[in-house]
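Once you scroll down, you'll see the structures, which are given as structure tokens.
Paired with chain B in one complex and with chain C in the other, chain A is shared by the two complexes that follow.
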Partner chain A sequence: MRRKSTCAVFFCGLALASSGLVWAGEEPEGSQLEGTARLGSHVSAVQDLLGRVREYDQGREELQPDLMLELFGYSGWSRMAFEVDYDDEDVLQLGADVEVGKYVDAEFAHRSFIHHLDHDRLGNLNWREYVGTGDQGQDLPGGKMVTHDDTDPYGKYSVRYSDTRQSVEVAIPHLPGTTLKGSYRDQVRSGTRQTTGVDHCSNCHVRSHGAIVEEQTRDVGFLLATVRDRVAVSYEFGARDFANKAEPTRNHFQQARHPVNGGSAEEFASRLNYDNATLVVSDAPDVEKRTHTVRASVDLPKSQTARGAFSYSKTTNLDANLELTANSAALGWAAPLNEKARVTASFSRRQLENDPVDIDMKNWREGRAGGGQDFDYTRESVYDRVEMTGTAKLRYALRPGHTLGLEYRFRSIDRDNLELDPDDPTETQTVQNRIRGTWNGRLSAGMRSRAAVEYEMTSLPFVNVDGICEDGIGDTIDPMEGQPNNWIYYFQRERYGTGAAAPNKALRLEANLSRNLGPKASGNVYLNAASEKNDDLNLFDFERTTYTAGLSAYLVPNEKVVFAGGGSIGKTSSSAVFCATVMDG
Partner chain B sequence: MIGVERTPISWARPWRAGPWFVVLVPAMTALAIATVGTALAGDSKLMPPALSSARYVGDDECAACHEDLLPAHESGYHGGIEPFQAPQGQTGCEACHGPGSAHAESTEAGDIVNPATANAALVAELCLGCHRNDGLDGHEHSEHALGDVSCAGCHEVHGSQEPGLLQAAEPELCAGCHQDVRDQMFLPSHHPVPEGKMVCTDCHDIHRGGFQGQLVGEAPNELCFSCHANKQGPFVYEHDPVIEDCSICHSAHGAVANSLLVQNEPFLCLQCHQAHFHATLQGIEGEFESLEGYGGVSHRDSAKQAMLTKCTQCHTEVHGSDLPSQSISGGGGALTR
Partner chain C sequence: MGAYEHFGSASDVFDNDTEIATVYLTGQFQIDAHWSLDVNGSFTNSKAKFDPIEVSVPEETVVKADYDFSGINEYSDLEFKQLEVGGTLNKMLSEKASAYLGVTYFGLTDDAPYVYGDVSGSVLYTRAGFQVRL
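Take a look at the complex of A and B:
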């Protein structure tokens, strides 16, 4: 059924073309048809254990057929091109492009490949607590422990990815420059993957399952565009539907009980949303998205251009009935100041709003001494925000082949529900200023180089406020007024350190030199470096330094043979504080 | 377990009224721009002065001297352009090279436009006369345009066997300048570009630049979701950096760590989070068995191995989930289910 529908758009285009409606004028004479066929075979000697090496390779060790066909031809106004590249039923590429009568252009492309996935053996999950040494010198075990089991120990996981795209573009007769375009994209991910689940508080036990993957994403697009004189206007509608068709994986969450005495179910069950139940895990929701985009651009006097675009989208989580709306607008202007200098400026604004969710939780330690607290809350979304970006760029031609560029970018992200400053909970806005200089040069015939330097300053970058490091036990932590052990479970709410992986200062350098070593050979050398730092944190300075450099050369003696060689080296070092809490303080 | 609080439609927030309203307003704006633009439209500032008084002479005049270029041109895409397909109304050699009478008379190279060597902005102006709606509006803002990379720097306009009249197939064409990116593609974890399953333009809109940078879509995350739709959400339980920017955790071109992570677990996670307190505890030396019958062999450092190897063994749903996690104290948002 799906195979029939996936070709529908492409064949609609062909039907329209062959209907005779699109033929107009006197068709020129002449035709040509040429094709290429290649037959062969391939074999892989990659062993199963080398998963990363054969990540996108079938890895079959028996001889496999290999078939490639290309066909190109034209007759009068009509052209066609077909391409088939067949490895096996899972690894396939198809392409077709048919132009009929100058008014219809139908395209079809399909590709599929296998992505091998890892199987984590969970071998690191073996631990039982040591609490001391007995009279006989033996270890005394405590109650805390970590165990695991794998319900699918021999599972080999992989996903077949299939992507089919087709489109039909129709030039509307008697309206020069006006086109209608319909498109359809069908992505299918099918196979098996590993999913793990932890059932908490009955010791830490992690169970691994082989999970079915059966996901489909369908994108339908419609575009109406027209160019008249110096003005281009278009409207585009996009509909995306993501469907998770797999039977959900379920995990059994064992009955919570004390890890040492085993009997007191309430001791731990009263701190859990659920236990002694088999529940769905790792289940991606069905999602639909609808997008409307209007674009306009115009050529203004003196080679200036202006553009504007507006987009509205609504994304709906169909399982949880959540709606995310996005409004995006962009304006841009470009103009040559003179023969050597060119300036551009652009501004964009994007606003996102996501539904809040009322989270209904069980009461904390219901029925236990000091318990009964209501943990219900409303999840306000981090999506809710206004983002603004403004850029101004200047390019100056020093002399033919040599240009200098200077760019300034301002960016602001004002979030409704994400705290960024531990000293001021109302501060939710990140402001970023970046300046970048570039140089492009053709040093001599066949030698080209690029260099760029960039400095970025960010006020209140994305961080996790109060995400790390807990305060020591003190008089201030006593939420249940003296009940035994009450503070342990509230302790995590006393974190005071801000964690970060985003810098507030960054300096980045890039340099690249390429040289043609004759008509059939080239060489390239590059160096990139970055120094990033966040020294506005309350506990530590986050630092990250990156260097990468590479050298490569190509030799192309003829169109059938390419020799390529090269090497690169990179080093990244970062420093951040490591926080681990200490049980019982 | 969960409920949704709906925000009522308000005229203070007109976009809540639905897509038709928000389409109508920008459509009217576009129409206004079009009207003003048409009224103001003038001559090019970049065209060589010699062409200002030149006139169109037709392909036959060009063929008198450039006969060698004709076969490839006539069998190629641009050679078959008909007048109704050209918004400017001009077809043939002079549609791209400008009016040729001055050049035909003087045979001087400077009396006609040669896109192979001309100013990149002028070449773009010529090409966009027809191609502005082919995903090229905003080309002037792209890094390529500002980097003096001309249309002819990537396209073989007279004819090519590659799609889109490219000079060479992707990714080799792009790697000619972006060697550093190509090298990243050979790191252990990468998108299947070297294997020929993806190309650069699957992610990069090199002509238009989208709303931010040269990435396809409204924002970088939207680009990623076009193929990884299962991580799109919106979810009931969110992970903030997923909403913020995928590149906080992932290096799209390639990485040493699995899953294109910029750093291995748990170090990536520990930059923003702290470790479980269990990681500081010691383990017994020897075999053990739990009350449920599961067991194994523990060592002194086994707690560190268990708690500081891979956070996602337990926190599997790091991209977000609709399903509450087990612990009440974490608000159900520990992303373990």
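Take a look at the complex of A and C:
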């Protein structure tokens, strides 16, 4: 069924092409067909693990075919290109581009490959509380522990990805400048992966499973575009459907009780929403997305151009019936100021709105002394936002071969449901200003250089307000009613540190020098560097320094020898804060 | 009021460093009118590491819980060396037909195994066949 729909657009286009459209003009004479064919075999010898050294290769140790066929040709108005590259039944590439007459262009492309995935052995999840030393000098273990088990210890995980695209574009014969395009894309991921279920409290008992992957993403697109005089207008519709067809993985969540003596079952169970139950874990929902986009551009007097676009999309989680709507609009303008200077300006606005999610939980320790707290809440999405971006660019030709550029960019992200300032919960807007200068010049015959420098300032970048590090509680809070006076619960603890990995100041540099020594030698060197910092945090200054440098060269010593080579080095250093809560066990 | 043995967070600021270096070389040799050889090689060394975390823990905590952060930085160290060396020998059989034989060695050495265990491995990949211009 899927194969039929996959081919539908492609062959529909061919049928349309051959159904008697009216050709204009005189058809060229002659035809030609040429190409290349390869027939061979390949084999691998694998030692130790394959998954990392050849992450996208099967590594088969039996002979496999090595087949390739490329054909291209023309006849009259019609042209054709065809490609097959076959490694094995999972690693395959196909392509076809057929222009039937002057009015129909049909394209087909397919590729598939294997991606090996890692298997976390969970071996680091072994820990048990130490509560003292026994009579014989041995360690005495406590009740708090971290354990794991792997239900699929020999599992080797991989996913086969296939991507099939087809499109047919038809130029409407009686409407010059008007085209109609239909497209279809089918992506399939199938195989196995690792998934985990976590028991009791975070990381206490982790159980790994092998999970089935069977996902399909289908896109259908429709585009109608027309150009009349100085105006171009188009409408595009896109439909995307994601289907998760895999049998869900289930994890058994153990009965809540004391991990050593098996007691206190009621107390432990009163703190959990479920226990002693087998439930689906790590399941992806079916999702659909529908998008409508209108674009227009117009050529104005004095070589000016203006363009605009508006897009509306709605994405629906079909399992939970939750919707995300997005509206975006963009405007742009470009104009020459004089023979040496040209300016461009653009502005865009995007608004995202998600349905809120009601989180309904059992009351905390219902029926227990000091318990009964209701932690139900409505989860508002931090993805709800209004984004605005404005840019202005000036490009100036200093003299032949030398160009200067100056660019200013303003960006604002106002998130509806995220605090960014620990001192002011009403502050939800990130504002970023960036200025960038570029230079592109011909230093001498055969030598060119490019350089760019930019400085960026961000007010209230994305941070995790009061998300890390706890103050000592000591005797500053009252115990819960009926609880021992030295017991505290997680929800009574408060964090005070603001964490971040986003800078509020950034300086970035790029430089490139290329030298061409005629047809026999050339070389290129480059250096990129960035220094980023956030000094507006209460615990530490976040700093990140990045540089990459490299060179490449091409040498032809004589007509029988060609060399190419190069190298690169990159280094990133960033700071982070470590916080571990210290208690009596 | 209770007497809670909750001493707040032990804290330190540390650096995380990643480095990657790559060199590559390719060569094409037209040996004579019938024979040609393509060779290629590359080597990549990549590392990631944390600085040691130096925190002071309140003395009273040691009585009941022996906190030790000294090995945390080593746990997530990563170091890989990747080598790829290969060549393809081509023989023109006629104006339109040729034969080829290619051998490539791929090697990866995991010098600091992470949670996935030692992922070192190597592959010797061989391909041979005929190619025809139509």
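Simple rule for what comes next: the second predicted complex is superposed on the first by the 532 of 585 C-alpha atoms of A that agree within 3 Å, B and C clash if a C-alpha of one lies under 4 Å from a C-alpha of the other, contacts with A are read in each partner's own complex, and residues count from 1 in each chain.
To be clear about the criterion, a contact is a pair of C-beta atoms (placed from the backbone, for glycine too) under 8 Å apart; a residue touches a chain by one contact, two chains touch by 3 or more.
The structure presented is a predicted model; accordingly, all values stated were derived computationally and were not measured.
Applying the stated contact rule after C-alpha superposition, one finds that A:449 touches neither chain B nor chain C. When both complexes are overlaid on chain A, the residue A:129 reaches chain B and chain C alike. In the superposed model, A:501 makes contact with chain B only, not with chain C. Looking at the superposition, the partner that touches the larger set of chain A residues, chain B or chain C, turns out to be B. Touch criterion met: A:54 reaches chain C, while chain B stays clear of it.
Once the two complexes are laid over each other on the shared chain, residue contacts for A:571 go to chain C alone; chain B is not touched. Residue contacts after overlaying the shared chain place A:283 against chain B, while chain C stays out of touching range.
Applying the stated contact rule after C-alpha superposition, one finds that A:581 touches each of chain B and chain C.
When the two complexes are overlaid on their common chain A, residue A:120 makes contact with chain B and with chain C alike. In the superposition on chain A, contact is made by A:40 with chain C only, not with chain B. Counting contacts as defined above, chain A residues 52, 57, 118, 120, 122, 124, 129-130, 468-470, 497, 566, 568, 572, 574, 576, 578-583 meet chain B in one complex and chain C in the other. Note for the complex: chain A touches chain C at residues 33-54, 57, 59, 66, 68, 71, 118-124, 129-131, 468-479, 484-488, 493, 497, 539-540, 559-585. Residues 1-31, 53, 55, 57-58, 61, 63-67, 69, 72, 75, 80, 82, 100, 106-108, 110, 115-134 of chain C touch chain A in their complex.
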